[in-house]
Amino acid sequence: MSTVAVHRDDVGSKIGMWLFIFTELLLFGGLFIVYAVYRYKNPVAFHLAGEELDVTVGTLNTVILLISSATVAMSISAVQYGNKRATLSYLLITILLALFFMINKYFEWSGKFGHGMYPGSEKLTELGQGEVLFFGLYFAMTGLHALHIIIGVTILLIMLVRIMNNKINKTYFVQLENSGLYWHLVDIIWIFLFPLFYLIS
Amino acid sequence: MSNSHNQESSYLDYKGRFKGIFAWIFSTDHKRIALLYLYSIATFFIVGALLGLAMKLELIAPGKTIMEAKTYNGVFTLHGITMIFLIVIPGLPAVFGNFLLPIMIGAKDVSFPRLNLLSWWVYIFGAAVAISSQFLGNGPPDTGWTFYAPYSFRTTTNMLPAVLGAFILGFSSILTGLNFIVTIHRMRAPGMSWLKMPLFPWALYGTAWIQLLATPIVGITLLMIVAERTLHIGFFDPTLGGDPVLYQHLFWIYSHPAVYIMILPAMGVISEILPTFARKPIFGYKAIVVSTLLIAFIGYFVWGHHMFTAGMSGTAQFAFSFLTFLVAIPSAIKVFNWIATLYKGSIQLKTPFYWAVSFLFVFMIGGLSGLVLGSLATNVHVHDTAFVVAHFHFIVFGGVGYAFFAALHYWFPKIYGKMYDEGWANTGWVIFFMGFLILYLPMFVLGIMGMPRRYFDYVDEFSRLNIVSSLGAILMIFGLIVIILNLVRSARYGKTAMANPWGGPTLEWQISSPPALENFNEIPVVSKDPYDFSNVKLG
Amino acid sequence: MDNKDNTHIVKYRTYLFVLITLIVFTFISVAITGIQLGKLAVVGALVLASFKSSLVLWYFMHLKYENQFLRLMVGLVLFVFIAVLIVTFFDYSFQ
Amino acid sequence: MITSNLSNLARGVDTAFIVILSVIFFFLIGLTVVLIIFILRYRESKNPVASQIHGNNKLEIIWTVIPLLIVMAMFYFGWTGWKPMDSAPPDDAFEIETTARMWKWSFKYPNGKRLDTLVIPAGKPVSLNMNSLDVIHSIYIPAFRLKKDINPGSERNAWFIANTPGIYDLFCTEYCGLEHSSMISSVKVLSADEFESWYADSVSETHIAVKTEVSASSRGKQIVQQLGCNACHSADGTKIVGPSYLGVFGHEVTVIRDGKTVTVTADEDYIRRSILDPNFEIVEGYNKGLMLSYEDLLSDEELDLIVEYIKSLN
């Protein structure tokens, strides 16, 4: 009699995670297509609208995300070495950096809202159509990205708890790897969002 | 493990942690999930078919016959949404893919059984959200299933639930596809190399990739509609600077490959049935595998042929027409291979075979009429007319529907361990087939004459053919009733089926009917080609 | 089923090195936009972004250490996306 | 039906049709016959033992290459037949401003004539400069093999030469809402001479002809019907897309103006405002942006008649 063994396939679940990441990439891909087309049709308006965004804040956030991406990768090395403390610290740094990113984002958005720039606002509609499209895309894309950060932080927090409970350990860490993959995805998307909105002006 | 024990623990009788209906809706067994999908899809299908009948009755004569224009517009929208998003897209993969994929590759389940159950729950949730649009405040949505901008921003009807429902259903589709890809990569039985895999799993593999790579695009597009309607972010509305044609691009980037999500598994089913009943291997196995992958790939780049009148650049029209003709080739290869499979066979004339052969016939009509639509000059004349509706129904209803019924009869003994009544099954098939042709063939002519689609009312010159078409619809519904009643009755009272009633060569026929909870006592070791009939025993 | 095909442990030093490269390139791309390059600015920024994201894919996401299949699939997905973008522009750039 | 030669576009389209339909029927009939022969000849009772054939590479190559050549030929015919539709109109083309709006066509001629059917001369290039005021519409004249979507926010051109005088159907083929199927009109092709005299006659058909009815209110009713207003507004109190005409005149109406709720009396001015600037104030419970101004489509006289009609519904 064969007992119903718990089916475990780490490689399989990693492939599954990658496939999920593909769908996420294409989800943003749809928005990138829209961005590309409207930028092509309204080059001047996009240029001018891009100047309204603060490059310093954007750069800071880029660096924050890059570091957080590196630390989450390091936490995986740490778990492979069997160093629980290091794993936890790297993960904690990642989460703190993500929160820092969100705080930055909050001030950036509320600044825009304070100036009466939000989707459907009168000030926005008074600007040209190109500007309306630019800010529409800006809010949609960075908003969707921020949503992914929130989901990512939640997942990383769950990982933190699971490492503390030794559910994730030297021999079983595919969940941490997958969470890491998700976090890098968030990073990659930002790597493109940053120049497209803040730099090309 | 003794045989009697094996019989007792068939997946249908298995008693798990939960009782009654909960033993089904919380089961992670791929076979039970497949049946959950089957019953939900069958329910929606009956609704969708009745909506279709209502439309044909409305069109039986010019002017108002049984409903108002407003109702009619709501009916064709709901017909489209249910048929496309709730039935044909999930249809074959979710029902027969779920049931058979693990068995055909010699696995005990899919890679992520819980995710599989989640897909079904997401499906039901999405369906509930989509259907709720019919009953909320401002009345049923009336945009057609394509949700074209900017009309979808202007209509006051309940667009949001319909669009969100479609978005949620996309998730279900993605999760199923993801699950299948990993399953095929990781869980094939020892010895089953890629080229020893049967063609239905191959088709599901191609389909899964399209589900994975195309669905997110429509997902984000639908979200953009939601954002535009609720937050007034300008994406596609020209008053906000948007470009309505861009919406069409994004919509068809998904929705054309979606046609291949529908038809590839259907082709896979036919590639299983024909060899079994001809008792010989499929002709040109490798060619069919390659054409499956080619269809999946090229199919991604032909979406523009839905937009030849929309105002694209001449270059784009040229490129899209060219690519569209290219994608016809792999489909043609498959048809030739299927017909050649029958050559020098020893054909058993059973119900699944009738369905498969009638599939070939209607698929040829559907595919060949697609050439008219791929060609620029002729497309312009018949675009957005009854011709497109006829072509589309020949491919989607003719293709997927026939394959679905073929699959249902073919694997019925395996799923239920009972035989259907052959006399009634054949009667149902004949009535349905006749009704189908009488319903849709006149619409080709109507389209060439110039009758636009989505018309509640029409000018008198179209009335004769519309009467014929509507009568065909009534006949076809009769056929459906016979088919469905026969199957429902047989699932309960049919004769007990043998393990391998047709003499099929693939793995699912080598285990008991219905299969045990974990399919195989021992994971089989595969050494033969999938369609090797040398040691196949009937019974 | 083998679960052990990925036992490679990446050294902290490697990550640190990649991170520094990424940050340097971020500042380079910011600096580049200071110069008026016109259309080249778009191309330049995108090339840099692609380079940075490849680093993330290759090292942080362990593609370097994964099997051939995954790399192939990542390539395929990127190819499909870029091809879709190009085909869409068959319409817009010839209007 | 299949060859009409009624316009300059028809020839190329119909050639493509003939080529493609011939290929279709050849393959459909041929393959079906082969299929039936195989089924009859190789059924179990006739051929009890199947030959285990796995494939044939030569055949595979043949039936890949031949269809490839055939589809390329079809592609070529489709492309050449379509090219004239994509070309710019000739300089001497007769230009007509074409406006599509929810459920009504409007054609405006260079001399100011405006009507809801398209009247054109035979044998002369006609160029339609097309605009849509609300959603996507699509002009479709089956007899001329002409079809082009009209997207709001951008002008599109369609040009053609009609060959034979007569009356032909004109449809909207892009689904555009409630009364999509009644957004139909016709094309009247006149011989060059007839057209000249029709065009010079400034009295006839400059506006939607309202001559036969007697009372002002019933003339107003006729205009309302012709403009397609009834698609959104009922005369019996039913709530459709917009408010009903019934019992509006002279009564208090709660409207939203500039985001504020105000009560106004529905007088003649109110009705005129609602037609000419529909989004200035919106009756409570209805949505903004669905109706567009009818300023260009109505004369003052016609507007008065409509007001009379609405007054009569009290």
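So that you can tell them apart, the chains are marked A, B, C and D in the order they are listed, and the count of residues begins at 1 in each.
Going forward, a contact is a pair of C-beta atoms (placed from the backbone, for glycine too) under 8 Å apart; a residue touches a chain by one contact, two chains touch by 3 or more.
In this text, all values refer to a predicted model and were calculated from it rather than measured experimentally.
Looking at A-C and B-D side by side, the one with more C-beta contacts is B-D. Centre-to-centre, using mean CA coordinates, subunit A is 15 Å away from subunit C. Chain geometry summary: the mean Cα position of subunit A and that of subunit D are 46 Å apart. With centres defined as mean CA coordinates, subunit D is found 32 Å away from subunit B. Distance between chain centres (mean CA atoms), subunit A to subunit B: 35 Å.
None of the residues of subunit D touches two or more other chains. Of all residues in subunit A, those that touch two or more other chains are 9, 11-12, 15, 22, 25-26, 29, 33, 37, 41.
For subunit B, the set of residues touching two or more other chains reads 185-186, 213, 217, 243, 245, 249, 253, 314.
Contacting chain pairs (ordered by label): A-B, A-C, B-C, B-D. Per the touch definition, subunit A reaches subunit B in the complex via residues 1-2, 4, 7, 9, 11-13, 15-16, 19-20, 22-31, 33-34, 37-38, 41-42, 119-120, 125, 128-130, 132-133, 136, 139-140. Every residue of subunit B that touches subunit A in the complex is listed here, in rising order: 1, 108-109, 111-113, 115, 174, 177-179, 181-182, 185-187, 212-217, 219-221, 224, 227, 231-235, 240-243, 246, 249-250, 253, 518, 521.
The residues of subunit B lying in touch with subunit C in their complex are 185-186, 213, 217, 245, 249, 253, 300-301, 304, 312-316, 319-320. Those residues of subunit D whose C-beta lies close enough to touch subunit B in the complex are 1-2, 12-13, 16-17, 20-21, 23-24, 27-28, 31-32, 34-35, 38-39, 42-44, 47-56, 59-60, 63-64, 67-68, 71-72, 74-75, 77-82, 85-86, 134-136, 138, 140, 142-143, 145-149, 151-154, 156, 169, 171-182, 184, 240-241, 287, 289-290. In the complex of the two chains, the subunit C residues touching subunit A come out as 1-3, 5-7, 9-12, 15-16, 18-19, 22-23, 26-27, 29-30, 33, 41-42, 45-46, 48-49, 52-53, 56-57, 59-62, 69-70, 73-74, 77, 81, 84-85, 88-89, 92-93.
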